[in-house]
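Some structures are shown below for you to check.
Heads up, the next two complexes both have subunit A, just with different partners, subunit B and then subunit C.
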Partner chain A sequence: MMKHASVVVIGGGIVGSAIAFSLLKMKTKNVCVIEKSYVSSGSTGRCAGGIRQQWSSPMNVKLAMRSVKLFEEFEKDVGMNIEYYQGGYLLLAYTDSEVDDFEKNVRMQKSQGLDVEILTSNQIKEKFPFINVEDIKLGSWCQSDGHANPQLANIAYAIAIRKMGGEFLTHTTVTGIDVQNRQIIGVQTDNGYISTKIVVDAAGFEAPKIGSMIGVDIPVHGERHQILVTEAVNHFLDPLVINFNHNYYVRQTHHGSLMMGQGDANPASGEDLGNTIEFLEEMSEKMIKDFPLLKNIHIVRQWSGAYDMSPDAQPIIDESKDISRFIYATGFSGHGFMLAPAVGESVAEMIIHGQTVTTDVSNLKMDRFTIGIEREHNVV
Partner chain B sequence: MEGRILDHPILNFTRKKRVKIFFEGNEIEAYEGETVAVALHAAGIKVLRYTPINGRSAGLFCAVGKCSSCLMEIDGMPNVRSCMTKVKAGMQIRRQHEKGDLV
Partner chain C sequence: MKEYDAVVIGGGPAGMAAADVLGDHVKTLILDENDMLGGQLVKQTHKFFGDHVHYASTRGFEIANKFIDKIEKKPVDILTSSTVIGIYPQNTVAYVRNGHEDQVKYKKLIIATGAMERQLPFINSDLPGVYGAGAVQTLMNQYGIFPGKRFLIIGSGNIGLILAYQLAQTGVEVRAIVEALDKIGGYEVHANKAKRLGIPILLKHTIVKAIGDESVQGAIIAEVDDKFNVIAGTEKEIVVDTICISVGLMPITELTEQAKCKIAYIPELGGYVPVRDERMRTTNPDVFVAGDLSSIEEATTAMIEGKLAAMQIVEDVKKIDLEKEISNEIKTLAIFRSGPKSLKIRSGLEKMGIVTPRIEMPKFSPLPNSENGKLHAVIECTEEIPCNSCESACKFDAIKVGENINTPPVFDPLKCTGCAVCVTVCPGLAIFMEKSDESPNATLGIPYEFLPLPKSNEKMWGMDRDGNYVCDLTVKRVVKNPNKTYIVYVDLPKEFVDVVRHVTYPRKENPFVCRCEEITVDQIEKVIDSGITDFEEIKRITRVTMGPCGGKNCKMIILGIISKKTGIPISKLSHGTSRPPVKVVEFSAFLRGDKK
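And now, the complex of A and B:
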């Protein structure tokens, strides 16, 4: 374990790993990641793996588009095939207000240069004859959206970080952060002390715990979301399908299994990673209705993970005003994996240059909560 | 050769009704109450499917519905556990290739 680090990243999930990887790629030396359990043990390892660019604010679209660019280069850049598949994302609209939203979003997304289009119900039927299009008014379709395997991506980053000379500590818990005159001087762990001037809090839904060690308030809480996975069948489903109205998403993994989840009506806290029979019943019922071909497929298992929810369901990426060089990247609200490569790059630029260079993420600063927030609508 | 135990030192087997099932389109005799895997085994059919990636033959392994080794296509449905599914007159049974098609 190194005694001195130029940057300590707390949290070895996809976000912390992407930040550390980007720092190393930009020639920063002595980068240290601290992960309290094993690689991919937290929300990343529980994530469904969707990668989409169809968001409702221009800056989120830009950030996601940058991320897709980096996912396209991932295997070459980071060094592992992570089952990245650009099978598209299909969003389904059932109500007039969804139709209005989709049309408005698609216009805006197109103006940002995204390859997105509106599909009529008939076009959806033609493209995906196995979807029950009853009551569907239209769909929003983006071919360059897709999905990947988050566990592999997390592991790929961890291996690359070590290869590039960074330190990736697992099973190590941060117990305190030393601060003098509002400057960070070091990080205390249960395995020893690391002196550093820069700390990145990428601890997901536990980011507030890290912040509270030095009096920084981070408005994030953990919210439990459940997923089920079926037996594997031959590939038939190209896109990840999101249905906000029926409240679910579904994708087919590289292995052939179908992975699907919903937002529970009264979600448990992120501390409680159990799962419920009600989830299985609710999911099965609606999936059989919208995808009748799934009626005999076996469910193999279910699990849950924590979304790191922010007040407006958008990430919080900023540097603390109170503690110099305390940077946080959290609050991803269920879409951290898909944004991670671009967020890693942006945060690394913030650390090295004091500001982002490639992608503007100023809409994700903390002060938006005091100015007034506009909630991201496109969330399951 | 008959693949069934006809004479057991402790247990008595009472045969139920004889039915016809079809394996790869060919008629096979089975007895009601038997599972598909047992009827096929009795008929000397040991290869039940091919593994999805390497295409190797796979047959009966755990015989209690846990291991996925005996998945077959039965009456058009893939991934059916032949060791847990009882025969029915007229059943169409096929060896499964790959992971099975839903569409």
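And now, the complex of A and C:
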């Protein structure tokens, strides 16, 4: 374990890893990631791996588009095939208000340069004959959306970080941060002490616990989300399908299995990573109705993970006003995987240049909560 | 025309046991169509089950030789290569020998012609390459001829299971055993012997079709429903060049019919069987039956029935009182048939009016296992089957079966001296030797019946009960034994002493560790070599344990590999989380409307 680090990143999930990787890529030396368990043990290892650009605010669309660019280069840049597949995202609308939203969003997304279109119910039927289109009014479709294997992506970053000379400590827990005169001087772990001036809090839904070590309040809480995977079947499903109305998403992995989840009516807190039988019952009913061909497919496993929820369901990326050089990147609210490469780049730029260069993330600053917030509603 | 007090047709265990008793008292002839006596025994190279009095744990062909020796010393006329072609009026038996017909007369007749194999209809079942199991055994065990290289066996009764094992012993490949029922027909220990060689037993499956133009080149098998109908869409093709049918036997009753004995259809006993009393006398007072002809059972029961019939004939002809001996044999039969595997026989006999008295099986309470660092036996025989070879073999009273030989053995580790004689006699190869103490490695002794024999210090693969690779291990010594069940003692990591049940020479292809995802040892080792040693991370990179079994089968093995490569003991490694469902479930199972 190094004695001194230029930057300590707390949390070795996809976000912390992407930040450390970007720092190293921008030639920062002595970067150290501290992860309390194994690589991808947090939300990242439990995530569905969806990557979309169809968001409702222009800045989110821009950030997601930048991420897609980086995912396209991932294998070359980071050095591992992470099963990235641009099979598209299909969002389904069932109500008039969804139709209005979709049409408005698609107009805005197009103005940001995204290749996205509205599909009529007939077009959906033609393109995806296995979907039951009953009651579907229309869909919003973007071919360059897609998915990847988050666990592999997380591990790929970890391997790359070590190769580039960074340190990636696993099974090491941050227990305290030393601060003098509002300046950070070091990080205490259960395996030893590292002196540093810069700390990034990328501890996922546990980011507030890190903040509270030095009196920084981060308005994020964990929310349990459940997910399941089936046996592998021959490839038939190109896009990740989101159905806000029936409240689920589903995609087919590279391996052939179907991965799917929903938002529970009364989600448990993120500390509770248990499973419920109701989840299997509800998902089964939805799948058999909307994808009748899946009726006799076997469920292989279910698990759950935490969304790191912020008050407006949008990430919080900022540097603390109270503690100098304490940066946090959390609150991803169920879409931190897809944004991670671009967030990693932005945070690295903030650390090195004092501000972002490639992508503007100023809409994700903490002060928006005092100014007034608009909730991202396209979230399952 | 020659006349005998007693003529016995059929020289299998039933006929030989009868001739053995008759020879002491009356003028006897035994006839068999084969060139030596022995019947089914001649082609059996495995050790038989049963009571040691009836040659349990002796290999079939050796039982035959022992009997032949005994009978030849007695005043019994033996006519081999003699096929009985009919039973004629005035107690006449006609037979053909060396192309010539001849006749003999009898006062009393025992028919012990045994059984023949049932056929199974499927498409192309007439293709060369489709055999009855018995034919394959005869070719292989009597003549050393192999009809093929890759076998499919239909039927998981003892015959199918034993054939699979015997085929594997010769080095040919048995691709699968298919069984239409939802459970294995034969004894568990026989099934285990095949499974640990990696031979899959596919329950609720049948053969649909043999493929090939001039001879078998493959087979289509499919799943069946509860009514044994093929479930459409479940068909799969397997590449084999030989298909062996072993779907049961049926009694050969023609001669009993000609002898004017009444025949009844009792499926529990094997189909059409001669009606007879407790002492094997048919409805014709001069004619007796014994063995598989009277009910498809085992060599032991065949022998007892042969003896019973013979004793009754001695009483009839010589008026000697053998009542005590007869009631003893009847009791032995009842004990033999008191196990759950004999339920069918018992109810079949009841239909004939023969009630088998209930004989309680004593329940022994199992003794605590004592891990005292000494070499001791481990007995894996829990099914109630009629066998007590281990008890008879143990000179130290460490194994108890008791009077009812269907009782599973109870083992007293404190009395065990580690002599391992039980390992070599067990017909089910269900006894192993173990020694484990504080050291990280343990000793395991495995019964082994394959050639070539491994040598000391040889590196081999340890395989589990399903024939999957578990770990590399080292042979310490090989103990030879005249009955050809050798014991291979190996040195292996302690964790696997209860997992490994067979050893095999390392194969060229890398062994699969995770069968669901087809991940090899090599792939896992490469990941570990690249510096990733956490079980969870290895899992995510390679997909091990992510398949339907969830790691039930392979997690320990993977931890073993990690432990071996990193030097961290398994107890210190994290081993992941178990998540529901523990068995895969269809979406439709959760449909409320579909719920029962």
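Just so it is clear, the second predicted complex is superposed on the first by the 380 of 380 C-alpha atoms of A that agree within 3 Å, B and C clash if a C-alpha of one lies under 4 Å from a C-alpha of the other, contacts with A are read in each partner's own complex, and residues count from 1 in each chain.
To be clear about the criterion, contacts are C-beta pairs under 8 Å (C-beta built on N, C-alpha and C of every residue); 3 or more make two chains touch, one makes a residue touch a chain.
Owing to the predicted nature of the structure, the values given are computational and were not obtained by experimental measurement.
With both structures placed on the common chain, the touch criterion links A:155 to subunit C but leaves subunit B unconnected. More residues of subunit A are in touch with C than with the other of subunit B and subunit C. In the superposed pair of complexes, A:39 makes contact with subunit C only, with no contact to subunit B.
Of the two partner chains placed by superposition, subunit B and subunit C are both touched by A:231. Legend: residue contacts after superposition of the two complexes on their common chain; A:130 is shown touching subunit B, with no touch to subunit C. Of the two partner chains placed by superposition, subunit B and subunit C are both touched by A:298. In the superposition on chain A, contact of A:109 is made with neither subunit B nor subunit C. When both complexes are overlaid on chain A, the residue A:256 reaches subunit B alone and has no touch with subunit C.
Shared contact residues of subunit A, touching subunit B in one structure and subunit C in the other: 231, 294, 296-298. Residues 52, 77-79, 98-103 of subunit B are the ones that touch subunit A when the two sit in their complex. Those residues of subunit C whose C-beta lies close enough to touch subunit A in the complex are 530-532, 534, 536-537, 540-541, 543, 546-548, 550, 574, 577, 579-581, 584-592. Of all residues in subunit A, only 129-130, 231-234, 236, 256, 293-294, 296-298 touch subunit B in the complex they form. On subunit A, the positions that touch subunit C within their shared complex are 38-41, 45, 151-152, 155, 159, 162, 170, 230-231, 255, 275, 277, 280-281, 283-285, 287-288, 294-303.
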